[in-house]
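Note that subunit A is present in both complexes that follow, paired respectively with subunit B and with subunit C.
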Partner chain A sequence: MRTKNVSFKWVLYVAAILICLFLTLPLLIIILTSFGAGTSSVFPPKGFSTEWYSHLASQKQFGQAFVNSLIASSGATLLALVGGTLAAMAILYYPFPGSGVLKAFFMSPMVVPKITLGVAYLILFSKMHIAGGLFALILGEAVTVFPFVISIVGSALANLKPADREAAADLGAKPLRVFFTVTLPQLKISLLMAGAISFVFTFDQVETALLILRQGSYTLPIQLFIYMEKWQDPTIAVVSVMMIVFALLLFFGIKVALKSAPAMEKMLGKK
Partner chain B sequence: MTKASSRPVKRPSQSQSSWLMRLLLLLPALLLMGIIYLAGMLIFSRFSFDAFEQGTIVSAWRLDTYKAFLSDPYYWKLIGSTFRLALKVTFWSLLLAYPLAYVIAGVRSSGWRQAMLLVTFMPLLISAVVRSYGWMIILSRQGFLNWIFMKLGLTETGFNLMHNETGVVIALVHIFLPFMVFPILSVLLQNDGVLKHAAHDLGAGKWRTFFTITFPLSARGIASGVQIVFTLCLTAFTTPQLIGGGRVMTLPVFIYQRTLDTNWPMAAVASLFLFAASILVSLLVNRSAEWLMYRRSTVGGR
Partner chain C sequence: MSNQHAETTAIEARNIVKQFAGHTALNQVSLEVKRGEFISLLGPSGCGKTTLLRILGGLEHPDEGAVLLSGKDVSGVPAYGRNTNMIFQQLALFPHMDVYNNIAYGLKVKKLGKAEIKKRVAEVLELVQLSDYSNRSISQLSGGQAQRIAIARALVNKPEVLLLDEPLSALDMQLRLDMQHELKRIQREFGGTFIFVTHDQNEAMNLSDRIAVMRSGVILQYGTPSEIYERPVDSFVAKFIGDTNLLEAKVIESSGSKLIVECCGRTFEARNPGAAGVGSTGHLSLRYEYVGLGESAERCDNQLTGKILESVYGGASIRYKLDIGGGYELTANVQYQPGNPIYGVGQEIALGFQREYALFLDDSREA
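Up next, the complex of A and B:
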């Protein structure tokens, strides 16, 4: 009985390790391919070389696409954070008949398929004559991440004690001052969380961006997608490695920022 | 009037300013969500009633495209294959996610747990395009898997793993696995050991304890995992397009192609169908999970 249980445990552990391997395998293979010589992505790679890394410097379109991605994701994240936080405050602090319906409406982009939103944006932005540019993408992406901000910042707002705000107001602070000195510092962590999730989500957006954007304003995943449909050389692997590194940096950056949040509080408090 | 008088006295100027405040606070959100989202969706839905004749869109109020979509067997085959793909991916993700979540929840060493959590959730940060590319170089004819198969002597020229449903299923399981692990892991972590110990003390073996205690208690997590993965699969575009290479047709790929052909009425009808289908599936999974759990608890109570 006992030995049977122990062996079952080992089967389970081995299965878990295999599943973890399954999860990391594509990333490992990409890294291996990026150091390969030759012009096609085959396994095993024909010898070791870093030629494709140096080759990347001449491929200007990927650098431009990375900048475009940064602009689009930051723009959409900021827009959603500002609009979403203000709207969540209105719904929570000044409830009115229909505010529940309004909140459901703000949350609803979550259930709309991305490809559906993409086609809708394409049609709308062509009618507005702004299709093809990053500005259109920022507007569209802000809608898709709006639910994240409403739900994360909204629940954080609901958990704040009204006593702090009331104390500030009783001491004569105007609503705007109360917001900037009391509410905003208390919301910092949830704003950071919502911002991080939105940024990562928009950075990886394919369906909407593929339909809206035109050459010259491609974001990094789109540039990669289009390159991939034409060529198969290790350039893709090199760009992919860059994107994996960027994702890891982002992940640990967010982790450090969250850990040092109390320090941030002190900094803001001294101001 | 009577309602207002029963409330604590409020000066009219104050309530007026609160309305102004409300409007100011809501203005950015209403502008964005009203113009881009609501108007966008409405204009787009309007196109579903237009007709598409000889490569141009004819403005009309007709149901022709709906009729064409719902009566042609080709589209039903397309819908069928989209659902079959989603079903396969959901099944395999559940099969892989449950043991993984179970091990993560049971591991005592926090270092191991941190490492496994990182491995499970880090892929979420990496673009689906990149992950699909990884699977392309694993599954292609000169890829990693076929290299292993050839070394083992199973095949001379390599198996066809890409541009078909098998490849798309493998890659999609990889992409959506974290969404299945997360809800299961969170319910497994909530379960405390008391019930398990009680069952054990009452003489239930490991398997019996698992099937009567642990598994039913994680039903909530399984249901939400299934719901998330199934709907994400129905609407997945990137991976079927890249791994399928145009040979694996699903609704999102079809919508994309019709959009490129500027057949907006058909793209709109198919999109609305996809939207309705994904909402329906979510409701159905939720309801059936509730029903199953309710039935279990009443049967167990007897």
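Up next, the complex of A and C:
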């Protein structure tokens, strides 16, 4: 019985290691390729060099694309957070006939094919004469991440005690003050989580961006896509490594923020 | 006259009607509370006591009727515009703020100066005897401490009326008794008007200057604890406050406050607190401790014999269940001191009660 258990454990370990390899190997290959010496992305790389990293410095379009991506993702995330929180509050606090249907409607971008949405945006935004710019992308992507905010912030909102709001009102706070001093601070962590997921999700969004963006406002994934059509050198790998580093930084940043949230609150509260 | 009225009345509800989805939670309820009084709203759950409290605090709005705070009509004023404060059943301390910021919340809303806020928070923390706790987070407080902080957070605003919605119900028995003393002390020192909602009759008796007994959205009786205990207006109040024998009875003779009633197949002399006439039917209410056994039965206006069915020793008293024939039972609670006789099960014994203590409660009043 005991030996059986042990052998089964090993099966689990091996499976886990294999899955880890499967998940990390592509990333590993990218990292190795980025240090290659040749003029094309081949694996295994011929020789070691950092020339492509220095080469990247001269490729100004990637820097611009990175900034564009940052703007688009931040804008879409902010818009979705504000709109999603307000919508979740409306549905929860002021239930009306059809509020359930409305919630389902807000969740629908999750299942609608992104490419369909992209085509729809292209037509709509062209009519509005804003197609091609980052503003259009922000509007479009905000809709696609709206479901994350509605579900994450909405469930946090549902867990707040109504008595807390009543207590604040009883202590003399008007509704707006109640929101900013009692409701919002208790949503901090779920807002951070919904924001992080939305940001990451929109950062490498291709389908919509590909359809509605024009040259000059290309985001990073689109710029990579276009570059790859012309060149096969390791620049792509270098940019990918930079993106991995950025994602890791973001991930650990959020982890640290979440871990130190009570400590930070204490610091702010003491002031 | 009306001026004097406003001076002594802290808060008043006039003919309040409140309905929730077709169900009448409050039906023409009026209540007047004097400045400095400690009032309890007492009743079983669903009787409308919490709804009445929330209406007084402005968290609900009545469908009909008015709420007067110090003589001013505040019916249309929401909670944040009223100088009342509530202590919630779940306390509702803000979990994202420490003790200091919880207590200071109301003062910050009023935009008081920082020094003034600090001074008043320190004062109120001293009142609830938790001076060293201002930097604690809410999750670090014990049940009793959280209770005191909730009281402090309300009192720091110097409300005209403090509303308490069963705040002690989550505490265990001993802590509950401690907090009752604590509440009384705080009220004495603070000198405010307290309205306390509870379903616990002992709590209401221990704390209150006056008790309003509620059932099904109406106030059945509003009076001092002794009035309610000794002169309940109907059998519901008699049964809800204290232990009482309720025996079906019919009036066969009436002269002023003295009645002869037919009850358990016998006739008894009883007291008439209302205006029951010959032929009225109702209940005879006889508190357990008013039934005398053995020697003490000899001097009673009403005398009979019974057989002991059960005896429960309770230290200071013994509770006997007696069979008085005809399928009727009476319970007697007899003071006990070592040396007093203890009657055994099955023993035949004389029992009796005074006319003065046997209340005839007319059932036609209810309905």
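Keep in mind that, in the parts below, the second predicted complex is superposed on the first by the 254 of 271 C-alpha atoms of A that agree within 3 Å, B and C clash if a C-alpha of one lies under 4 Å from a C-alpha of the other, contacts with A are read in each partner's own complex, and residues count from 1 in each chain.
Following the convention adopted for this analysis, contacts are C-beta pairs under 8 Å (C-beta built on N, C-alpha and C of every residue); 3 or more make two chains touch, one makes a residue touch a chain.
Computed from a predicted model, the values in this text were never measured in an experiment.
By the document's definition of touching, neither partner reaches A:215: not subunit B, not subunit C. In the superposition on chain A, contact of A:204 is made with subunit B only, not with subunit C.
Contacts of A:155 after superposition: neither subunit B nor subunit C is touched. In the superposition on chain A, no contact is made by A:50 with either subunit B or subunit C.
When subunit B and subunit C are set side by side, the one touching more residues of subunit A is B.
In the superposition on chain A, A:250 makes contact with subunit B only, while subunit C stays out of contact range. In the overlay built on the shared chain, the residue A:82 is in contact with subunit B alone; subunit C does not reach it. Of the two partner chains placed by superposition, only subunit B is touched by A:122; subunit C is not. Once the two complexes are laid over each other on the shared chain, residue contacts for A:7 go to neither subunit B nor subunit C. Considering their complex, residues 161, 163-164, 166-174, 177, 181-182, 185-186, 188, 265-266, 269-270 of subunit A touch subunit C. The touching residues of subunit C, counted against subunit A in their complex, run 57-59, 78-81, 84-86, 88-90, 92-98, 101, 105-106, 109-110, 135, 137, 153-154, 157.
Every residue of subunit B that touches subunit A in the complex is listed here, in rising order: 18, 21-22, 25-30, 32-33, 36-41, 43-44, 47, 96, 99-100, 102-104, 116, 119-120, 122-131, 133-138, 140, 142-144, 147, 174, 177, 206, 231, 234-235, 237-238, 242, 252, 255-256, 259, 264, 267-268, 271-272, 274-275, 278-279, 282. Those residues of subunit A lying in contact with subunit B across their complex are 5, 8, 12-13, 15-16, 19-20, 22-27, 29-30, 33, 40-44, 79, 82-84, 86-87, 89-90, 94, 96, 102, 105-106, 109, 111-124, 127, 139-140, 142-143, 146, 175, 200, 203-204, 206-207, 210-211, 220-221, 224-225, 228-229, 236-237, 240, 243-244, 247-248, 250-251.
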